[in-house]
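Letters A, B, C and D mark the chains as written, and numbering starts fresh at 1 in each.
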Amino acid sequence: MALDKNGIAKRIAAELQDGYYVNLGIGIPTLVANFIPEGMQLTLHSENGLLGIGPFPTQDKVDADLINAGKQTVTYIEGASFFNSAESFAMIRGGHIDLTVLGAFEVSEQGDIASWKIPGKLIKGMGGAMDLVAAAKNIIVAMQHTDRDGNSKLLKKCTLPLTGVACVKRIVTDLAFIQVTERGFELRERAPGVSVEEIIQATEGKLIIEGDIPEMVL
Amino acid sequence: MALDKNGIAKRIAAELQDGYYVNLGIGIPTLVANFIPEGMQLTLHSENGLLGIGPFPTQDKVDADLINAGKQTVTYIEGASFFNSAESFAMIRGGHIDLTVLGAFEVSEQGDIASWKIPGKLIKGMGGAMDLVAAAKNIIVAMQHTDRDGNSKLLKKCTLPLTGVACVKRIVTDLAFIQVTERGFELRERAPGVSVEEIIQATEGKLIIEGDIPEMVL
Amino acid sequence: MNKVFKNAKEALAGLKDGMTVMFGGFGLCGIPENSIDAIHEGGFSNFICISNNAGIDDFGLGKLLRKHQIKKMIASYVGENKEFERQLLSGDLEVLLIPQGTLAERIRAAGAGIPAFFVPAGYGTEVQVDKEVREFNGKMHILEHALHSDFAFVKAWKGDTAGNLIYRHTADNFNAMMATAGKITVAEVEELVPAGSLDPNQIHTPGIYVQRIFQGINYQKQIEFTTTSD
Amino acid sequence: MNKVFKNAKEALAGLKDGMTVMFGGFGLCGIPENSIDAIHEGGFSNFICISNNAGIDDFGLGKLLRKHQIKKMIASYVGENKEFERQLLSGDLEVLLIPQGTLAERIRAAGAGIPAFFVPAGYGTEVQVDKEVREFNGKMHILEHALHSDFAFVKAWKGDTAGNLIYRHTADNFNAMMATAGKITVAEVEELVPAGSLDPNQIHTPGIYVQRIFQGINYQKQIEFTTTSD
């Protein structure tokens, strides 16, 4: 059965390592924070100027001066720090963030990503997404394998305006865990109960299947 | 009679304006701080990371963590701030410093300055001098008109390695106050008791003398 | 040399239609509310406006948008503002979208006297169009230029009469860089104290960058998305 | 993930001869005394050393110079060190002198992922030799590149177990930028406190930049020129 959003987040959480500094985008990526393995020390970066995001505040601790990049009220953990936007993106651009998780409209088999603009429809702006994908050492895309109409979001070439080129390393969808390699989308794991055949059907870009494809362990 | 070091500093102090942020180099420029007109609010910048240098400390207030760019112990005034070297030179390079006063070995009639290196003899390094002369809006050179051997330091062309090109606006020497213009060294004022003839003799570069040259008012 | 102004209105002296103006803040967090209100009331127009976001419909820069005071918006994300979208689609508003980190760095560069620099963000995207491209260490970069302004409006938590500023939590964001990039920087603060009251080690924006400062009033500090754990 | 090391010697793990190493400090102010001593005792050699100054004859980097542990020095001002001059004139030491502001910015650029940028400093001087030149706004600039290091050694006043650092007075200087530019950044602090003890608004170097931190001992804090008013 295909994963739900929490399932995708949970699979991504298994990629976390102790001591990582991580930037989680809006949507499914944010959910990853709920599945951080017990005892692992992780520092969450918010590009509006906070290292060490804590949980949402209780009602009495809501503070207009303390928000995340999604403009939601948050708290901060012990050992946190605040800084300006230039410093915040110096951390991103300088390769100090160990892992970035973000959503996407499309990913190409070259690792290109389109995530910010739908011409004629959506003109919100790229925010920090282009900086993140251009500079993070390690990018995981969290998204559905296909759009609402069943069209694959893993393509030979992106059709929408790009956010970055040749930057996505891994993709976790409701159907699969995929490594983006020079040869294309390498299928590494299937979602529980999902067949390789289903994944092939849902993938437009070049899918590489070598040997037995194990089921995800969640 | 030619000015002594304090006289040169005093003449330069007359160029100060209320609210100025000023960087004073080592040597004669440092003395300018002793002649700040009463009631004038001036903020002294030290390129090692201090805005708002105060007087030298009393013995019991000496603090190894509080030095100026000449590595001398100092104090700080009310309203001071400390910052790192990148920020300090952002202030300089970004044109936020209103006035820079520094010494020189030579100045050319184009406003070029040589102040940091004597090949084969002196290899201390340029420190912040190149940044200062390249970026300050307003540069006054404080120096002797001639060297120990009587050679002019106001030249057609500098002979020593340059610190910066076409950047010096004004020169105050023991003999004269000179404005550097596109036409050359424009003599504006004579030191008290110094004749125009003496200044001509001591100046190798093109000296422009128009009308009566008044004596400095100190 | 007095930097202290009575209020936002007085601190606007010299502001003119058509100028390039910067506003600090991220979303509605850390925005110069008093200055925005005074500009709104002042009836200025045709600004080229540099701000990470464009406020919401009825607060922050959204107020200036509704009154059509902004001709062109330079921002990274404007998704929270429907009026923005309307004016953009109708052609009433020009917009230049810039990756957030590049925007922040271009503003810092202006303040720091760096006319241009290379960044990887935007390579291979429409952000790269008409820009110089160069490879460094096996990676493609594009040349970006400094972004200056005539006026920069920033908001701080505390400030002193020498113009030193301290921000609070995530309300710093774009304020610190913008403070360095305005020909005239106007800072409004929640608490204005005499020079000497703030720890000089803890200043976020040294006073050299601030030409005008005033004690702000009636801060609303609206929250876009109140999320709680209870 | 523990960043806390017992002492300087342990924090040097992985340091190798010939590496590029940065040392914070301006003159003798804010230098990482413990790390310098441990490197001195460790008998390393052939370093490419990036530091604004080179210490004095018998303190700071002067100690490493005297033991011929430095092959090449990248600095802005080395005038306080006679041993330096001797080795330079004898050809034992290579030196690259860089304008101080350019040095600071090149280090910041490394930490900030900016491979190159334009500055006016050095145009028309020997600093410009072999560098790209370009005019911006009627003024000539030269292209300068980021300066990275294998190890960066910095010294702070206070630090916490998450690696956050606070500097004191003018002892910040090059430390803050260098902390961002080392593949491994080793911070020594006068006072090491548990994470959560420092005000997150007052951190000068966020912990993300610091891989190793230790409680320093026996700080001498020598003064080059004690000048007093009495």
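Definition applied: a residue touches a chain if its C-beta (ideal position, glycine included) is under 8 Å from a C-beta of that chain, and two chains touch if they have at least 3 such contacts.
Remember, it's a predicted structure, so these values are computed and weren't measured experimentally.
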item	value
Chain separated most widely from chain D, comparing mean CA positions	A
Pair sharing more residue contacts (C-beta pairs) when B-D is set against A-D	B-D
Centre-to-centre distance between chain D and chain B (centres being mean Cα positions), rounded to whole Å	28
Rounded Å distance between chain B and chain C, as computed from the means of their C-alpha atoms	36
Chain centre separation (chain A, chain B; CA means) in Å	55
Set of chain D residues in contact with two or more other chains	105, 108, 112-114, 119-120, 167-169, 200-201
Sites on chain B at which at least two other chains make contact	76, 82-83, 86, 89-90, 92-93, 135
Overall pattern in which the protein chains touch one another (line/ring/star/complete/other)	other
Which chain pairs touch, all of them	A-C, A-D, B-C, B-D, C-D
Complex contact set, residues of chain C against chain A	26-30, 52, 75-80, 85, 88, 95, 97, 99-105, 107-108, 119-127, 157, 167-177, 204, 221-230
Chain C - residues contacting chain D, complex	105, 109, 112-120, 134, 136-137, 141, 145, 166-169, 200-202
Parts of chain C lying in touch with chain B, wherever the complex brings them together	1, 108, 110-114, 160-162, 164, 180, 194-196, 200-201, 203, 206-209
Complex contacts: residues of chain B adjacent to chain D	46-50, 55-59, 62-74, 76, 82-86, 88-90, 92-93, 112, 123-131, 134-135, 161-166
Parts of chain A lying in touch with chain D, wherever the complex brings them together	18-19, 21, 41, 43, 45, 51-52, 76, 78-83, 86-87, 89-97, 135
